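In what comes next, chain A is part of two complexes: it sits with chain B in the first one and with chain C in the second one.
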Partner chain A sequence: MLIQTLVNGISLGSAYALTALGFAIIYRTLGIFHFAHGSVYAFSAHVAYSLITLVKMPLIPSVLLTMLAGGILGMIINFLIYEPLKRHASSGQVYMIASMGASIVLQNLIATAWGAITKVLVLPNLETSLYNIHHIGSAVITMAQLLVVIVTVVALATIALFSKSMIGLSIIALGNDSEVAENLGMKVKAIRYITLAVGSALAALSAVLVSIDLRAVDSAMGVPIMLMTIIAVIVGGTANFGAAIAGGYLIGLIKNFGIWAISAEWDNTLLFIMLVLVIMFKPAGLFGRKISKLGR
Partner chain B sequence: MSVILSILIQLCMYSILALGLNMLVGYSGLVSSATAALFGIGGYLTALFALHYKLDFFVILIAGGVFAAVLGVLVSLPALRLKGDYFFITTMGFTWIITNIMTNWMQVTRGPNGLTGIPSPLVFGQVLNSRFLFFILILIITALCIFVANRVCTSPFGRALKGMREDDIALEALGKNITAFRVKTFVFYAIYCGMAGTIYAYNMRFVDPTAFTSDESIFVLSMVVLGGVGSIKGTLVGVLVLGIISEGVRYVGLPASIAFQARQIIYGLILVLFMIFRPQGLLGQYKIT
Partner chain C sequence: MKRILSLALALTLALSLFVCGGSTATASAGTIDPSLEVYKIGCIFPMTGTIASSGEYCKNAVELAAEKINNSGGINGHKVEVIVEDSKGVPRDGIMAYKKLVDVNKVIAIVPTISSVVMALVPEVNAADVVMINTLAKTNDIVGAGPRIFSITIPTSGDGTYQGTFAYEVLGARTAAMLYVKSDVGISYDKFVTEEFERLGGKILSRDGHDGGTTDFRAVLTKIKQENPDIIFVESQYQEIASIIKQARDLGIDTQTMSFSSVLSGQFNEITGKAGNGHLITVSGYDPEENLASVQDFVKSYRDKYGAEPIIDSAMTYDAVMMFAEAIRSNGYTADGISQGLMDMPGYEGATGVIEKFNDRHVVSRPIRMQVHQDGKWLYYDEQN
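Take a look at the complex of A and B:
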């Protein structure tokens, strides 16, 4: 059971690590508490469902197209909401409320477009091989779960490389000090768009992987993942991106150990108690070094 | 007639909820999403007290408010010291736990089935069967709540709150304890939410976990944002406008599933558009910080 819990925890944690990294990139760079991240996730899952099950497109182009769709939605949100708010010099909580409003609008648009019921994701060709069960000692793992872990590792490695590129460094610089970045002649507006695109594409990738693993999508799926993501980011820490990734894995593991040790009904309560404890005793996060700016 | 009375009682209930949230958002500058949880605590407590102990309406009303305040403060105290985002998330998590308890603590809450058969309220030993008299009672309570909120805002305490919202560091330099002020506004907010829960339970005669989800918190937040944060008049206008929209959508003739989504989209759009174009709301002067 221990190994099984570990396997499930790492698989789930990978999905959280991706959304948490996406959220943390946006939060650290733009200071926006990007609630709509969860709805971007739900939208991407529905795009993936349409491409894979309805259009019967092969897996790899489906995943890439979904990431593109998620990234574009992120940029649309920036264009329609965050840029106008920026022009009005809005405060942090104004961004947060607007983002929450956007998230509600999106979630209900998804429900209107695709229907509010749970839809089953069917892979046309790979069906059997992906859901085959493999044994690791006493534990079992499906290829789909393994796929989640492997793709996540590849994606995280890509982001690590990307962070050393000119654009990646610009994103980090903008997060460190936006005024200095602007004075140095960086195209801050373009960087803001790229930040939202990258962050949202990560959420989209997580959404495809989870949908393939669970074989189901529904319009409300963004809400729980959003809460988990935020808990992961706060518990991990917002000062650097590695902390958010670690937070994602930690939450995935704790959730599964909670289900194993207590019961599936109370795992959320357990996570919330942990969140409160971290906010009380280590508000910078378990893996963060300095306190992030609050109430921006 | 009974439908109209029910809607009017609902509007009174939302006025109390929105006044409470307005106090918190407008004066301490903290945005909370625990409205539904505190509201639900009041509702469930009322249902349990009315079903098992046959207590007087006013005793339950006060107990609902106090209990919501005690639980709310216990959980949000660590977050009250922080500003903004973290507070919002903690209150959201609090809502989550409360929903968790409502759905899973079968022995007491009967889980997803909810608590049914709440009897008519007992007012000073008399059973109040008339819907109309119940409405009048709620109307009086709402008027009292508006009066109290108004008095608090214009008192020296209210002026200190305004100062806290404009510049908390300056107020702290004057020797005022910011955290204590935040706790006090939170208690005020929680009591109002708890009392609204009592009204809900007696009005519906039924409570279940689906009535107290974060959708409800967001609905009340849109009322406050629409009317104007920090303005009592604005808050009441917000309740009226959104209440009419919410009931109106029901009678336009859309199918039930679409009507629900259309309503949610309207609330979401109100939040987004007001934040962009008029963050102070229709009647408010103060912008959320």
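Take a look at the complex of A and C:
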């Protein structure tokens, strides 16, 4: 029971960690409260559905293409919304409202393009192996769940390596002080596009993994994940990327243990109580100042 | 800067309105007289938001109904137009949609869905010259809610009680776990199933509500696995039920599961596969396998037009439009006329099977079936009249 809850929590937390890291990269680097992140997630899930179920493309190219599509959508959002606002030195609130608007428009465009009906992501060739059940002690885990955990760890390790690269360091520098970064001759505009692309690609990766695991894809699926992402980032902390990842895993575990200890009716309430407590007593987030290996 | 920002915001809003806005549908007329007044039927469905999928099924169905009516000459030569407005599944937006339909489009017959929206519309309908057919709101509060409010679905007290009885007396279950969606319908099922099961002597070990649109139920199922009940009641929306059953079987839970008819969608089998075998549901009304010409005609028309399988939401809303048309045909296009027409209707054979005459509280009675899922089919198991 305890192990099963732990397994479930880590699997769910992995998905949250990916979206939270994507959100944190965008938020910390550009200072944008990127509400459209959830819609990028939903869009990516639909792309994955089209590639895997309709086009019947193999899994790995589907995942990579979905990440590419998510990244491109992130750049389009930057081009259409954030860059014009940047040129006019708009305030953070304006960015946030514009991002909310973009999120609503995107959600409706997804419903228009793919239909609002819940779609089932079916893996024609891999179904048997991906949905096989494995035992960890008394707990069970499906291969698809395991895939979420493993791919997330690989992705997080890749991002950690990426953060040491020139582009990664540029992203961190831009987040630390955009004016200094610009004065040092960095191509800040290009870095802004790359930031949106990387952050969105992480949301896309989370979307495709979760969709394979849970099979259901619908146009409104970005809303709950966005809520959890925001809670994860605020609870974890925004001072560095590692804190957001830790926040994601924490939310996944609390959600699962909360349901076990109290009731499924109270899982979101529990998270919001924690959110309020963190904002009141640890406004920098639980891991805001402790975890600093990734990012600042 | 302000001008550009204003323009950007205006464009965003315009785009939102364009995408979210209402839509109308009419079909080409057979022997329709274009000089005659167009009879309008207003539909209030969740076209966006978390339960938008239901709205799309309903919109398809009512447009199909209008097309059928118009293709056979409309109603006494009058063209029928269905106007679909978006409730987003939220009562406040449902009322806004209603006001637009009644005040702007001058609609006098409405077909809303979603229990909370339907119940929010009850005082509005009672204060106006409008007739409402409730298709899917199973909450018991709808019974006898107003002089012009009709219900073609049986309330949760009917099949909810049947579920409790069946689980205890036929299946011999003595302990149960309850999972339900936190909507009027889910809460109502939780109440009636639990009451009946406990009245007979059964014990409900846990009751867990979840939000609509939830896809990951592993946490709560892990808890239920430990409780080891004799039966799990799953009073959720169709895609949620399928996810629950699949994830329960993955976790090694072999317990008998039971739910209501919301699961009647082709996707149940796609999500659950063999894991869905043995799942029991109570059905009153739509059965796509029913050997009745009106049912098969609807299923075929829907499939031909949209290339997809209709669900119970489609069949119910389709029948509501058809019954309105029948009532208008016999008693005229006025609120009183339609209301009387519905009351006088001896019965109706439609997409949801045989609908009996409305009783004095404006509700129809229907037999309740227990059906079991087996390899993609919903087989007959038991029936309560």
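Criterion: the second predicted complex is superposed on the first by the 289 of 296 C-alpha atoms of A that agree within 3 Å, B and C clash if a C-alpha of one lies under 4 Å from a C-alpha of the other, contacts with A are read in each partner's own complex, and residues count from 1 in each chain.
Just so we're on the same page, contacts are C-beta pairs under 8 Å (C-beta built on N, C-alpha and C of every residue); 3 or more make two chains touch, one makes a residue touch a chain.
The structure displayed is predicted, hence computed values, not measured ones.
Novice: After the chain A overlay, clash or fit between chain B and chain C?
Specialist: Clash: chain B and chain C overlap once superposed on chain A.
Novice: Is A:N268 in contact with chain B, with chain C, with both, or with neither (first, second, both, neither)?
Specialist: Touch status of A:N268: both partners.
Novice: Which holds for A:A113: it touches chain B only (first), chain C only (second), both, or neither?
Specialist: Once the two structures are laid over each other on A, A:A113 reaches no partner at all.
Novice: Give one of first, second, both or neither to describe whether A:V105 is in contact with chain B, with chain C, with both, or with none.
Specialist: Both partners, chain B and chain C.
Novice: Could you look at A:I234 and tell me whether it touches chain B, chain C, both or neither (first, second, both, neither)?
Specialist: first
Novice: Counting only touches as set out at the top, which of chain B and chain C does A:A157 meet: first, second, both, neither?
Specialist: A:A157 contacts neither chain B nor chain C.
Novice: In the overlay, answer first, second, both or neither for which of chain B and chain C A:A216 touches.
Specialist: second
Novice: Pick one for A:V55: touches chain B only (first), chain C only (second), both, or neither.
Specialist: neither
Novice: Look at A:S91 in the shared chain and tell me whether it touches chain B only, chain C only, both, or neither; answer first, second, both or neither.
Specialist: Touch status of A:S91: first partner only.
Novice: Contacts for A:L184 in the overlay, against chain B (first) and chain C (second): which applies, first, second, both or neither?
Specialist: In the superposition, A:L184 contacts neither chain B nor chain C.
Novice: Quick one: name whichever of chain B and chain C touches more residues of chain A.
Specialist: C
Novice: After fitting the two complexes on their shared chain A, where does chain C collide with chain B, if the options are 115-123, 205-213, 223-231 or 331-339?
Specialist: Of the candidate stretches of chain C, chain B runs into 115-123.
Novice: Which residues form the common part of the chain A surface touched by chain B and by chain C?
Specialist: Touching chain B and chain C on chain A: residues 81, 84-85, 88, 90, 94, 97-98, 101-102, 104-105, 107-109, 111-112, 116, 265, 268.
Novice: So in the complex, the part of chain C that touches chain A is made up of which residues?
Specialist: 1, 4-5, 8-9, 12-13, 15-16, 19-20, 47-53, 55-57, 179, 182, 206-211, 213-220, 222-223, 225-226, 239, 242-243, 246, 250-252, 267, 270-271, 308
Novice: Please output the residues of chain A touching chain C within their complex, sorted ascending.
Specialist: Checking each residue of chain A against chain C gives 1, 4-5, 8-9, 11-12, 81, 84-85, 88-90, 94, 97-98, 101-102, 104-105, 107-109, 111-112, 115-118, 120, 122, 131, 133, 140, 142, 210, 214-216, 218-221, 223-224, 255-256, 258-260, 263-265, 267-268.
Novice: List the residues on chain B that touch chain A in their complex, please.
Specialist: 29, 31, 75, 78-79, 82-86, 88-90, 92-94, 96-97, 100, 103-104, 218, 221-222, 225, 257-258, 261-262, 264-265, 267-272, 275-276, 279, 287-289
Novice: Please output the residues of chain A touching chain B within their complex, sorted ascending.
Specialist: 33, 81, 84-85, 88, 90-98, 100-109, 111-112, 116, 227, 230-231, 234, 265-266, 268-269, 272, 275-276, 279-280, 283, 294-296
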